[in-house]
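Okay, so chain A shows up in both of these, paired with chain B first and chain C after.
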Partner chain A sequence: MWRYVLKRLILLIPVMLGTILVVYFIMDRSDVDPARVMLGEAATEESIAELREELGLDDPFVVRYGRYLWDLIHGDMGESYTYRTPVFDQIMDRLPNTFLLAGSGVLLSILIGIPIGVIAAKKQYSLFDDVSMVFCLFGASAPAFWVGLVLVLVFSLAFPIFPASGMGKGVGGVLRSLVLPALTISFSGIATAARTTRSSMLEVIRQDYVDTARAKGTSEGKVTVRHMLRNALIPVITAIGLEFGVLLGGSVLTETVFAWPGIGRYVIESIKSKDIPSVLGCVVTLSILFTIVNLLVDLLYAFVDPRIKAQYKRAGRVRK
Partner chain B sequence: MSEKQVGNIIAKGTESRGLWGEAWHRFKKNKTAIAGLIIVILLVVIAIATWVIDAVTQGSVYNAYVIEQNLSQRLDGPSLQHIFGCDEYGRDILFRLLWGTRYSLFIGLISILIALVGGGFLGAVAGFYGGKLDNVIMRVMDVFLSIPSMVMAIAIVSALGSSIFNLLLSIAIPQIPRLARIVRASVMSVRDREFIEATRAVGASDSLIIWKYILPNAMAPIIVQASLSVGSAILSIAGLSFLGIGVQPPAPEWGSILNSARTYMRDAWHISVIPGLMIMITVLSLNLAGDGLRDALDPKLKN
Partner chain C sequence: MAFLEIKNLKAEYVTDEGVVHALNQVDLELVQGETLGLVGETGAGKTTLAKCIMGLLPQKTGKIRSGEIYYDGEDLLKKNPKEMQKIRGAHIAMIFQDPMTSLNPVLTVGEQIAEAVENHERCSKMKAMERAQEMLELVGIPAARSGEYPHQFSGGMKQRVVIAMALACNPRLLIADEPTTALDVTIQAQVLEMMRELKSKFQTSLLLITHDLGVVAQNCDRVAVIYAGEIVESGTVMDVFKRMQHPYTQGLFSSIPKIHEEVKRLVPIPGLMPDPTSLPEGCKFCTRCPHADGRCRTEEPLLYEISPGHQVRCFRCGKGRCEA
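Coming up: the complex of A and B.
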């Protein structure tokens, strides 16, 4: 097992290098001239050329990419044009807030989505099943940012229970201001988790071993959790893992709706002020996070499903 | 029972409708899928109709009802005259929504077509030739898959600007690896069948084999995935426009209407609710039709 983990970690390196290359390449197409932005409107052509020379902006692409990587490894993402401070610090200031939001999004998807799926499967064709599956259909089709707007209309304007934007002070304040953004960001996750859990539960619900467990006198609750849910959980883990990527992308939208001080809002601010190093830094950070989460989900998968573990023991690397 | 009758029954029982006939037969029975399809067709008709109206009137209807400001009815709520109310410039929201249909549908469909061509080519080559080429292509696809699609779209638009072409690219590129994977898997499942060997034996070229014999037989999952992707493409466009980096105002794109509505939420709830409903209904119908298509084309794919 540890060899498998190690192998996956080593394989992560080329993927990350490639990811950063793609992102760097895209951002490099920008026609914003960093030297011009840094020197301001009044700068002469000579001083711009001089600064370009100094910053190495005229070097070949490969050289600049190499330099960016080298700096990145040392925790240097360049300097923000707007804040005139290191991009790395700006991102590290906001990263915990994005983690908090995305983490509570995943948590809500699990805590709300899985029970809905389980109950819907156990009471297939009941009213609860119908209602929750219709909700799931809508949940997967509604734009997350719009769900946020509607939540604000209802719970901040019509009934002022939760703040409409920003992040509160103190633990209570933070939690109170977290409720609406977390619900928003987890909306489609709840739907996905519930739908996957339901269909996956339906596959195991009539298996012989479930009847065997019941016949042995195990309580219905135990049968549901230990014998059904545990076997049904694997596709659910995959679905939630995939959803995390959607969530990270969605953090940009949700943070914009609620003025949540995270990376997502920072990237949009930076785009509007043409602060290229900040945009690049945010995109790189979000992509690296996504890669790591994907790896963790894959590893979790292998831990949960003994069949996968066995596969790797036997045949080494197996293609997905 | 005469021999003839038995023969008739057998003929009826084994009557072949072909892949598409069979699929349509199954699709027809799926009520929600049909409902989805009808709404999608309705939206397409609206998009084309507004286009035709603009062409015939040389944009005068568009200018008078969709773009021109009428501040006397600013932020008016829904009424008989304006059933969805008016926006912050007094423009009728119903008209703006109708004229906005084309952006979502057009960008959604075209971007998925681009992704289908790109992903289809890469996936088909990877699946058909296998080996090193397959490995290289799929590892590159892995890299693209490890960038969240919304984040990639944001990067592309922020670097290249938000012209319609760049928007199409920014939504198509993140979809390419997903489609490539599916095309590759379908091609691989057909590649080693006897009839492919037979065509090769009579001297058909690789491209002919892929185009004429492999792709038509590998089409079902590809079409299903593509049709389900249109919905998420539409959500991406709406998202980008909402962030202010997609379709730019005064164009009546749905997400962009929601973006400007945010400022007026306190005074005019209808501007921030109705366009979102429109997006949701569109994506929902596409998903319903796509799900129906999946069940109809390949009942085994049903999860």
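Coming up: the complex of A and C.
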């Protein structure tokens, strides 16, 4: 099993190299001249040429890419043009906030979405089933910025319970300001989790082993959780894992609407101010996180389904 | 004395395509310690009957229209879900047809057997697991394998696990729904042999559902033949195998090869079993019966007792018309 994990981690390296190459290439092709951005509009051609020379911007692409990689390995993502501080520090400042937001979004999806899905499946074609599925369709199709604005209108303006934007101070303040963005971000997650759980439960619900469990006198609640839900969980984990990965990088809209100091907002700011090292740093960080989350999801399967664990063990075995 | 008595049981499935009359007239008795074989072709209502006894008919579609199922003098159909839950597993246990699908793939076999014990006995998880391991040893699986998952066992082994699970709480009645159909012949014999041993060891009664007459002959004390949701003939194995009276039973036996006679061609029963959504009036077998006359098509025959314990649902066996 551990051998398999190691294999997967090693495989991450070429994936990361490829991702960074693509991102670096795209940023390189943009018509932004970093020297001009750094020196401002008033700079002379000579001073710009001088700075380009100094930054090594005139070197061939491969050399610059190699240099970026070398620095990256040492934890150096360059210096932000706007803040004049290392990009790495900027990202590390914001990453916990993004994690907090994405994490609470996923937590809400799990805590609300899965029970809705389970009940809807057990009471298929009932009123609850119909209502919750309509809600899910709505949740999956409502755009985050719109949901965010509606929540602000209701809970910040009409009934000022939660702050409309920013991040509060202290644990209580943070939690209070977290409520609205987390709800916004989890809206589609709840819908996805509920729909996946429902359809996956419906497949499991008529399996023979469910009747076997009932036949030995197991209570319906235990049958539902232990025998149905555990078997129905794999697709749900996939859906929620993907959702978490997307939320890490894709909470751009929500973070912008609520002025949440996370990575998503930092990317937008950096793009606006043509701050290339920051954009690059953010995209690289997010893609690393995304691949790691995917790996974790794959590993989580093994804990839910012993058959997958057996597969992993086989895949990890060294061929002789 | 019969401890399980089914009287006049009628059950149906209400579906969008119509009402499926799965059980129309079932009367059965089971005496402590005996093995009753329930024989019939696919769709005759064998599994439905088993699910009625267990109280496991599908909630939405399955409906019991009338009848009683007495267990120890109490009507199981009048019990609430909580009471039935206590009976299932502890008093009446069931083995399902396909061992490949009747075990939960994500729990170890030990956990699954221990769950049956935990459901009915106040004991610690450790004790339940110990009992599960004992049961595994009883069915011929080393206790050390209790931590393995169903996918690590072969079909025959899985059926052993299922049997261990069913017997874990020492039930008085075991319902085995085609327990060997999904297994190959050599394994069938092993599993049946083992069930016979365990049955006498635990003094369990057995309701053995099958379509295999050979299995019945080897294992059962009494046989009931079911056709289109009705018991058409019942009696001891001798009665039914040697002195069968119902034309359907006779048809069944003439459609299996006999080892002592050289037969070029088997004689199947002509026609198909009637569609359970629109059963014929009168005798359910009249459409395929070589002896059917006008009365058979309009009037439903009763179960006539032609000798003590041997009952046949056919007018020809009614008063004075029985042929020897």
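Methods note: the second predicted complex is superposed on the first by the 309 of 320 C-alpha atoms of A that agree within 3 Å, B and C clash if a C-alpha of one lies under 4 Å from a C-alpha of the other, contacts with A are read in each partner's own complex, and residues count from 1 in each chain.
The working rule: a contact is a pair of C-beta atoms (placed from the backbone, for glycine too) under 8 Å apart; a residue touches a chain by one contact, two chains touch by 3 or more.
Owing to the predicted nature of the structure, the values given are computational and were not obtained by experimental measurement.
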| item | value |
| --- | --- |
| Partner chain(s) touched by A:Ser287 [first = chain B, second = chain C, both, neither] | first |
| Which superposed partner A:Leu57 touches (first chain B, second chain C, both, neither) | neither |
| Touching partner for A:Leu153 - first (chain B), second (chain C), both, neither | first |
| Partner chain in contact with A:Thr19 - chain B first, chain C second, else both or neither | first |
| Partner chain(s) touched by A:Met133 [first = chain B, second = chain C, both, neither] | neither |
| Comparing the two partners chain B and chain C, which touches a greater set of residues in chain A | B |
| Chain B-touching residues of chain A, taken from the complex the two chains share | 14-16, 18-19, 21-23, 26-30, 137-138, 140-146, 149-150, 152-153, 157, 196, 199, 235, 245-246, 248-250, 252-253, 256-257, 267-268, 271-272, 276, 279, 283, 286-287, 290-291, 294 |
| Residue numbers on chain B that touch chain A, as the complex places them | 139-140, 142-144, 146-152, 154-156, 158-160, 231, 235, 238-239, 242-245, 255, 258, 261-262, 265-266, 269, 272-273, 275-276, 279-280, 283-284, 287-288, 303 |
| Interfacial residue positions of chain C with respect to chain A in the complex | 54, 56, 81, 85-90, 93-94, 96-98, 101-108, 115-116, 119-120, 149, 151-152, 162, 165-166, 168-169 |
| Of all residues in chain A, those that touch chain C in their complex | 207-209, 211-220, 226-227, 230-231, 304-307, 310 |
